[in-house]
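Order of writing sets the labels: A, B, C and D. Residues in every chain begin at 1.
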Amino acid sequence: MRHRDESEVEFSRIVSFSDGVFAIAITLLVLGLTVPEHSTDLTQALLDNHNDLLAYAISFAVLGKYWLSHHRFFSILERFDGTLMGLNLLYLAFIALVPFTSGVLGDYDSNTAAIVLYAINMILVSGTFFAQVVYSYRNGLVRPEARAFERRYAGPANLIVIGVFLVSIPVAFVSPLAATLMWLVIFLVGARVSDRVSPTSS
Amino acid sequence: MRHRDESEVEFSRIVSFSDGVFAIAITLLVLGLTVPEHSTDLTQALLDNHNDLLAYAISFAVLGKYWLSHHRFFSILERFDGTLMGLNLLYLAFIALVPFTSGVLGDYDSNTAAIVLYAINMILVSGTFFAQVVYSYRNGLVRPEARAFERRYAGPANLIVIGVFLVSIPVAFVSPLAATLMWLVIFLVGARVSDRVSPTSS
Amino acid sequence: MRHRDESEVEFSRIVSFSDGVFAIAITLLVLGLTVPEHSTDLTQALLDNHNDLLAYAISFAVLGKYWLSHHRFFSILERFDGTLMGLNLLYLAFIALVPFTSGVLGDYDSNTAAIVLYAINMILVSGTFFAQVVYSYRNGLVRPEARAFERRYAGPANLIVIGVFLVSIPVAFVSPLAATLMWLVIFLVGARVSDRVSPTSS
Amino acid sequence: MRHRDESEVEFSRIVSFSDGVFAIAITLLVLGLTVPEHSTDLTQALLDNHNDLLAYAISFAVLGKYWLSHHRFFSILERFDGTLMGLNLLYLAFIALVPFTSGVLGDYDSNTAAIVLYAINMILVSGTFFAQVVYSYRNGLVRPEARAFERRYAGPANLIVIGVFLVSIPVAFVSPLAATLMWLVIFLVGARVSDRVSPTSS
């Protein structure tokens, strides 16, 4: 286990590697947007693409939000060890999957399988993020002044996100639209909660 | 709200994340250039591709210019807060769209819908950049010595760019070529203005 | 030959360039996952894709592991020279190939040619990494306190990995499944060994 | 014009943006390697792909070499200004084109048009790099101790590269193979010259 300041170069390499994966994944979302090269009616082809654009917007917002959380979490870390790096890599593997699941969501909107796939991806992202947070708190990797934070907020907030995505899976079999609206609710509530609990605003 | 020096690591993460998105978006432009794998006349296929190359050149110049502006703007920032980070993410979402709208422009030159799509993308990029500049000035996030700058230049210059792109939309319905030429004018005028007003040249 | 501290900017450029290639290669793996845009049965199409997902998981783990080793190795470097930079570039060329060979493995599972291609790629990655380690030790580019490390572990561990991949090539002609299982063994054993020998755990 | 140390953050942003474009362009080369998803004979399909692999190897080596030169050149810079940044962006635009021209070269080997396209790309890369070097020397942006360097080496070496690529264009109309061999010569000679003239080896 190493202190952040003793090995600033290595710590910043992990951070910048994570940022790199986020930046690339978020930019690869654009590859989900495609228009046939020789369409006779481009306006129509673009309008038919509105689901791709919606999936792009949702996924950009989701990845942006996860990046902000990751950013905030790493700013309260004091130490790191091999296990945390492994968990972080696993988390990044699910982040890097988003361009794929988002692309499927854009091509097959209101399709149960596409929504379930996307929900599973989000559960895996939130779950591995939650695991990083819990592991770091349990093993004293976090700055002392930030320790009160988790007991009150980080744990519950993450579990709610995971719970809503879990519930949206059976819902998607009944009504794909209702499942999508549930996500919107998490997103808006999540924005509120994270504003209130941000360690930077205290 | 945090001072840049108190949290240099976080500030530089935002900057490098933004740079990452710019670098990836600008490099993904190349994916808009394609040649069929088994064309009988490659020379002809490459010449037919001249619009793709033109779209590549325009978009590289545009993204390069936006990156320089972003770079310059962040160099005069003294503080940042959550709202600015949110605006910056929104801005990056429109930056990351450019490879798509540029690809459409390359495949469908002198098509009104392609030009309107590109103009809308540029308006959204300029608009969210303008919002960042205004927000930062209003909330004292900018170094004191740079404060005179905006009142005279940054605001008007951005509004002109947005205005010209807005006007180019109805023009594109009459003459796609005229709309494209209007962009060229902004680009050349913009280059002049930004040279004169650059805080680095004073 | 230059000391790391005398030219910290250049050293960190090499490191961040390497991290960039790793982050991009690992994120491009997602491009190997594709689903036809207008499939009538998306659930079936996704299930048919399970080999692509498996190849994604294997390659993410493999690249993540190589990145950790590279990270650890560069943290014990004290100096670098042109030869080491050239070897590092060669190594990165094979790292950047992984999205291709991994994509082939996902599309053609239990195909001897796909497995041989992937094994060759891994041998080239491990071989050029081994060459960097040996070169750096022989030429005194490594911090003195880390010098005992290689004689006992780094050399043998790398040679085992290369050996197992070499042996898996003839095995793949008899049983593709057995070859794939051999890789799993290296991966698990490798994880153990690297945990025990990590210079950071001493 | 600003001194490097006065604005270390901005200087390092330019450097890391350039590195990002290089890292992405070099990693996107892998997208030029493709194998049909349902080929009946994968071994044959991979062997048919040997030109793609060759183009990958050439372009990785070329981009790696340009990156090393860029790296070395920026390490002797003392100041930078807007013109140098503009030239650098133009240079990066041609660097980012390489995955396209390299992909064409891989798909159409021994085709005159593909070779001419690649040679033009290389001339534009070398030309804009040469322009950056000359501009920086003429305008005193280079560290004083490095000033003797250019008069003797950097200029002539670059001009030879540009000259050989220029000559290879008419040669490609007679013999595509001869043109490709000429490139190999530059590459080997260039490696020698750059080893001898590297300011880091003195």
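By definition in this document, a residue touches a chain if its C-beta (ideal position, glycine included) is under 8 Å from a C-beta of that chain, and two chains touch if they have at least 3 such contacts.
Small disclaimer: the values here were computed from a predicted structure and weren't measured.
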* Do chain A and chain C face each other with the same patch, meaning over half of the contact numbers show up on both, or with different patches? -> different
* Asked: By mean C-alpha coordinates, which chain is most distant from chain B?
  -> C
* Asked: chain C and chain D are the same sequence; what rotation (0 to 180°, nearest 5) superposes their CA atoms?
  -> 90
* Return the distance between the CA-based centres of chain B and chain D, expressed in whole Å. => 26
* Asked: With chain centres defined as C-alpha means, what is the inter-centre distance between chain A and chain D in Å?
  -> 37
* So which bits of chain C are touching at least two other chains? -> 16, 20, 24, 28, 31
* What is the complete set of touching chain pairs? -> A-B, A-C, B-D, C-D
* Asked: Tell me, which parts of chain B touch chain A in their complex?
  -> 2, 7, 9-10, 13-14, 16-17, 20-21, 24-25, 28, 31, 82, 85, 89, 92-93, 96-97, 99-100, 104, 107-108, 111, 113-114, 117
* Please give the residue numbers of chain D that touch chain C in the complex, ascending. => 12, 15-16, 19-20, 22-24, 26-31, 33, 35, 37-38, 42-43, 46, 56-57, 60-61, 64, 67-68, 71, 75, 195, 198, 200-201
